[in-house]
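Down below are the structures I want you to see.
Paired with subunit B in one complex and with subunit C in the other, subunit A is shared by the two complexes that follow.
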Partner chain A sequence: MSNKDKGAAAFTAAPYQPDTGWSARMHLRPTWLFALILALLFAAAVGNLMVGAAGFSVEQSLRALFLPDTSVETALIWEVRLPRVLLAVLVGANLAVAGVLIQTLTRNPLASPQTFGINGGAALAIVVAVIAVPGLSGGSTVVPAFVGAAVIGMIMWILSLSNAITPLKLALAGIALQLVLAAMVQAVLIANNASADIVYWLAGSVTTAQWSKVWTILPFSLVGIVVAIAGGHHFGLLALDTSTGMSLGQNARRTGGLASALIVILAGSSVAVAGPIGFVGLMVPHIVRTLVGEEQRTVLILSVAAGPLLLVAADLGGKLVAYPAELPVGIITAILGAPAFLPITWRNRNQ
Partner chain B sequence: MIGLVSARLMRALRPAFAVAVLTMSAPIAAQAQDTRTITHELGETTITGEPVRIVALEFSFVQALDSLDIVPVGIADDNQPERIEQNLGKTIEYSSVGTRLEPNLELISVLQPDLIIADERRHGAIYEQLSAIAPTIVLNSWDGSYEDIKQAVVTIADAIGDKAKGEQVVADHNARMAEIASKIPANDKRFMLAVATADNWSLHTSASFSGSIFAAIGVKTALEASEPVESGVGLERLVAINPDVLLVATDPGGTIFNQVQDNSAWQAISAVQNGLVFEVNRNQYARFRDLRTAELIANDVLSKVFNVQ
Partner chain C sequence: MSMALTQPQMSQPWRTTLVCIALGLLVVVLALISIALGAVPLSLDRVVAGLFGGPDAFIISQYRLPRVVIAILSGAALALAGLFLQVALRNPIASPDVVGITKGAGLGAMLALIFTPPAWIVWSVPAGVILGAALVALLLLAIGRGLGGGITTLALVGVSLGALAQAVMQFLMVRYPRGIDQSMVWLAGSTYGSTVADIISLSIWLLACLPAVVILAMMLDVSTFGDDTLKSLGLSPNVVRAGLVLTAVALTAGAVASVGSIGFLGLLAPHVARLMVGPRARHLVPATALTGALALLLADLIGRLVALPNEIPAGIVASVIGGPYLFFLLLWEARRRG
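Our next item is the complex of A and B:
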């Protein structure tokens, strides 16, 4: 154990830098950045609590929040809007952390729960399970989500072990897999005349958040995030090639297995409560690395705050853009994320 | 499965059929001189004689044909024959032509229909292809109002050569609806039909089928809008609309309706507080959209909401 810690410390002292260039010199101090992101997250969350289809005033919202009574406003704030914000926070944190882990594990900057088909696998498994067992809902969708995420995760993990596959090819394989999964979801839905019913969930949405969904995802978020941060240094070593990692005392297989399990738990539980929301797990790790560098634990901790900030802000945008109707948050993250995908590919074109 | 096999068989026998139809249709065409021009949503279609092999691509057309004592040869039944049975209250013999959303043109043409009744929203884009198979009339079922549905019965009756019977069916229906409406006590309750799916709500507005039925029997619709359905909404929107009577249309199995029961925002809705929330069958309240279900909805409102038998 102490050997590993020494290895990790050495690693921290001389961080591995896959993307050379300007970003390495412009790193901000992580503590300040963390505080700033938390402040922005708080602002976005309060904004999200103030806005909704019922459309009462900011003053009414604040009073309902801090002086709850038996009014409709109180019921809406505490039973609809607050669980929605918290769900967005947890899903955002889950996806961002899963994104950091999967990018590290596969040493692939284009990896994310979405681009590697993990979300798609979970979604397909849930759709099949819900149609096979019509009463299935709420917390019970977590089980098929884990199974679907795990199967796809396994496929991608095996592919990533092959040295013959370049990161770009692996990412393409993942995206192809995701397209196949999306087509299979469509096929299952069309065959069962359920396509219109589930289209909002498939886009990724927290519109129908309730406390029950928060309680469903919370234990997985807590365990997944705490373990990811506690093991951050070890996961960081996975970014090195296997032999270097081993020379630093790393048991690559065991660490990789743990990281894979965390990815499945974090992404699978997110899909179970909010549908397959894309781009959060891809964008957030890149933005964070650009700001603070590559140190794994720092990236993880900042992603835990930045993922929720992105999702809560995107959800607020989704509420405002077609008020009083709403756009599912997954559509907003896709609109924001698609342009972000291109520079990431461009920056990694020579690697 | 049986439908599929027989369709395949029929396709294999198609040349033989064609010859048979050609030789048979000559005397029929000579007999039936009666030619009518039917005006519908996408133009005019000329129909000769009295069509008997009819393909219906929406549930409401099946019920309209049933009220005219005609059994269609083909129905876009979503591959769920039990829905047709539920719609008509009896079992009929027909071939499935696939889903309403994407009817199978090959299966339709194999049936050698002499009239196709299609929905504007769902089948407007394949009108040309359908017309190439058989004379096709396009009506508004999917987002049609109650008046559209009534008019459709007359148009369909006209297309099959018995307009008077269609007018009679509608007149009888109007009389029954008027009787129900006369029993409904004066009230200012705001009604809404909300479809509960697995994960969200679809709210039916004043422009929807149920909305126009509420209007026909003299009760208010909670959500006034020009679009028939507001879909993908969460609980907050329901609370904001705050209907006094809420009809929740569900399919069997779990829906979001089960999930919100303990939510205090749900409990703040007027309909919930007044005990005026009724779970109803989604097929009958939202999918069928015909005169039979119009009477069913009106009767339900009378007996369930106002306790008048």
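Our next item is the complex of A and C:
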């Protein structure tokens, strides 16, 4: 919330100026914003360490975090709460970056891993694989996740190439696809008497976080995010039409293929560890673009910080709002994100 | 409209009559099969005997018949609601679930269930269902008008309203686990656990809606000729449209109170009926109702059989079948226009 307020303040303080691209001033603002988001993220993370079945003070949490000893606090924070925060950070970053890439690649402002059914495809593949191969668990669920995400991603990407389908219509088709996939997941689960924790995973949750899950997603996050930022300018050119991109030395097919692979890796690995969390990949790119403009690499870098902030804050909200019960973080992001859908639709209504 | 003019005018009523008789027979056959199958399979003659007081009368009248009747009534109500919304919003992809009305109704029911004293529930839950459905419809119309919406915009607004209602429902389920069983039913949509009392209340509600349905069916034939024709007959198009939306909300509320939020049926049934009997409302209304009844019976039956001994809620079956239809409808429409 305060993040948004600051953004509005920044807008009024610095009136719009022509995009000179490399001026020092244009770079200053994203830098400050990045620092601000990181500070908020740290605050939200500390809040997450404090809140739980046993509440800790700020001092207790920070002491256990930075000066670990043999106390109960240290054990609880290092074994339960810290992995959960880190998992939320990684999943948030993954989904936000995947959202930026998919919106650029398909030139569709309503695109996101969720609205295009990619999360749903990964979730269905995981559920089917876990039931079909009884020994499958933990890190190996990323394999079916990638397959499911890739299949759905491929379908939606091919559809997005058609000029006859408006972005809004494609988004609606993607949502229909996602609803079908979700219904199929439910059907498979009910048909096989699935346990309650899969149902919890399905709402999108970091509650069952462990270090092993953090290690599962970490390599994919690192590779995906580093490559996305390193290639930021190339991906930005994808937003232009193909001929313009080509005249600028862009190999559209190769860049598009790389972006698709990154989306699958980022979204698939986050579904594998935390379930299909919606609306993060949709909202974060829009909020970031509203604050800093369209420059692709800036948007990517800020999303890497803003995605975690949203998810860690939402997780904290999920712990507080139903205390002592806990709400899956996916429900919080849906409650925040569903209304955010409206202004995005509004802006694109004429297409 | 041009379709209707090119078709031979005389044969149309006969065709509709035949289609409706065929659909009605299918409903009866499917209902009998549905009653016969279950944890204790019954032969068809035992089913027929049981319906008229034979030895299996208890299991049939208390468990199996209520489900079947509720499925028929709710399916018809949802299908008609879909038809009226499609006409009122001039939107082929409108239906109570796509525009979020069923989810709003489910949320209203849950709020009533959780926050009113147990003694009031008989009244408060139906009231919550109606208020929830009406609120979403109002929001949809208000936001849709503000957005100056094309058909896709309106559908996206509805989808996001539905997603919001669903998220709040999930929130309530975690926060107040007391009503969780009933809530699960409202989320997924199922005929499971229907009782004779449910049949009576749903029948009364639908009978109350019936005059509106008949009057609107007669007005709709006029309104397909455009707003000017309506005006020349002294009818305000906006009044007709408001009547359509209100009736759709009432029908949806009745269905959701009995079976929960069943998706895609209200979208699919009017389209199938239109293929069979053409676009004229007085043909379309009965055919749509019968198609809807048949569809929900079928979804219920599939859900009961496909994963024995478990039961998949009819709403999930309907989504798995109906969702791809929406997907291809959108793409087909895009190709036709592009």
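Convention: the second predicted complex is superposed on the first by the 316 of 351 C-alpha atoms of A that agree within 3 Å, B and C clash if a C-alpha of one lies under 4 Å from a C-alpha of the other, contacts with A are read in each partner's own complex, and residues count from 1 in each chain.
Please note the rule applied: contacts are C-beta pairs under 8 Å (C-beta built on N, C-alpha and C of every residue); 3 or more make two chains touch, one makes a residue touch a chain.
Values in this document were obtained by computation on a predicted structure and should not be read as measured data.
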Clash or fit (per the criteria above) of subunit B with subunit C on subunit A: clash
Which of subunit B and subunit C A:I175 touches, first, second, both or neither: second
Does subunit B (first) or subunit C (second) touch A:N193, or do both, or does neither? both
Considering only the touch criterion stated at the top, classify A:G55 as touching first (subunit B), second (subunit C), both, or neither. first
Which of subunit B and subunit C A:A164 touches, first, second, both or neither: second
Check the residue A:L33 against both partner chains and state whether it touches subunit B (first), subunit C (second), both, or neither. neither
Contacts for A:M184 in the overlay, against subunit B (first) and subunit C (second): which applies, first, second, both or neither? second
Where does A:V72 make contact in the superposed view: on subunit B (first), on subunit C (second), on both, or on neither? first
If we overlay the two complexes on their shared chain A, which of subunit B and subunit C does A:A325 touch? Say first, second, both or neither. both
Under the stated touch criterion, which partner chain does A:S212 make contact with: subunit B (first), subunit C (second), both, or neither? first
In subunit A, both subunit B and subunit C touch residues 190, 193, 325-326, 328
With touch defined as at the start, can you tell me which subunit C residues reach subunit A in the complex? 93, 143, 146-150, 152-153, 155-157, 159-161, 163-164, 166-168, 170-171, 174-175, 177, 188, 263, 306-307, 310-313, 315-317, 319-320, 323-324, 326-327, 330-331, 333-335, 337-338
Would you pull the subunit B residues touching subunit A in the complex into a rising list? 78-80, 99, 101-102, 197-200, 230-237, 239-240, 251-256, 258-260, 263-268
In the complex, subunit A residues that touch subunit B: 52-55, 72, 75-76, 78-81, 84, 130, 134-138, 190, 193, 195-201, 205, 207-210, 212, 324-326, 328
Listed in rising order, the residues of subunit A that touch subunit C in the complex are 110, 159, 162-166, 168-169, 171-173, 175-177, 179-180, 182-184, 186-187, 190-193, 203, 278, 321-322, 325-328, 331, 334-335, 337-339, 341-342, 345-346, 349
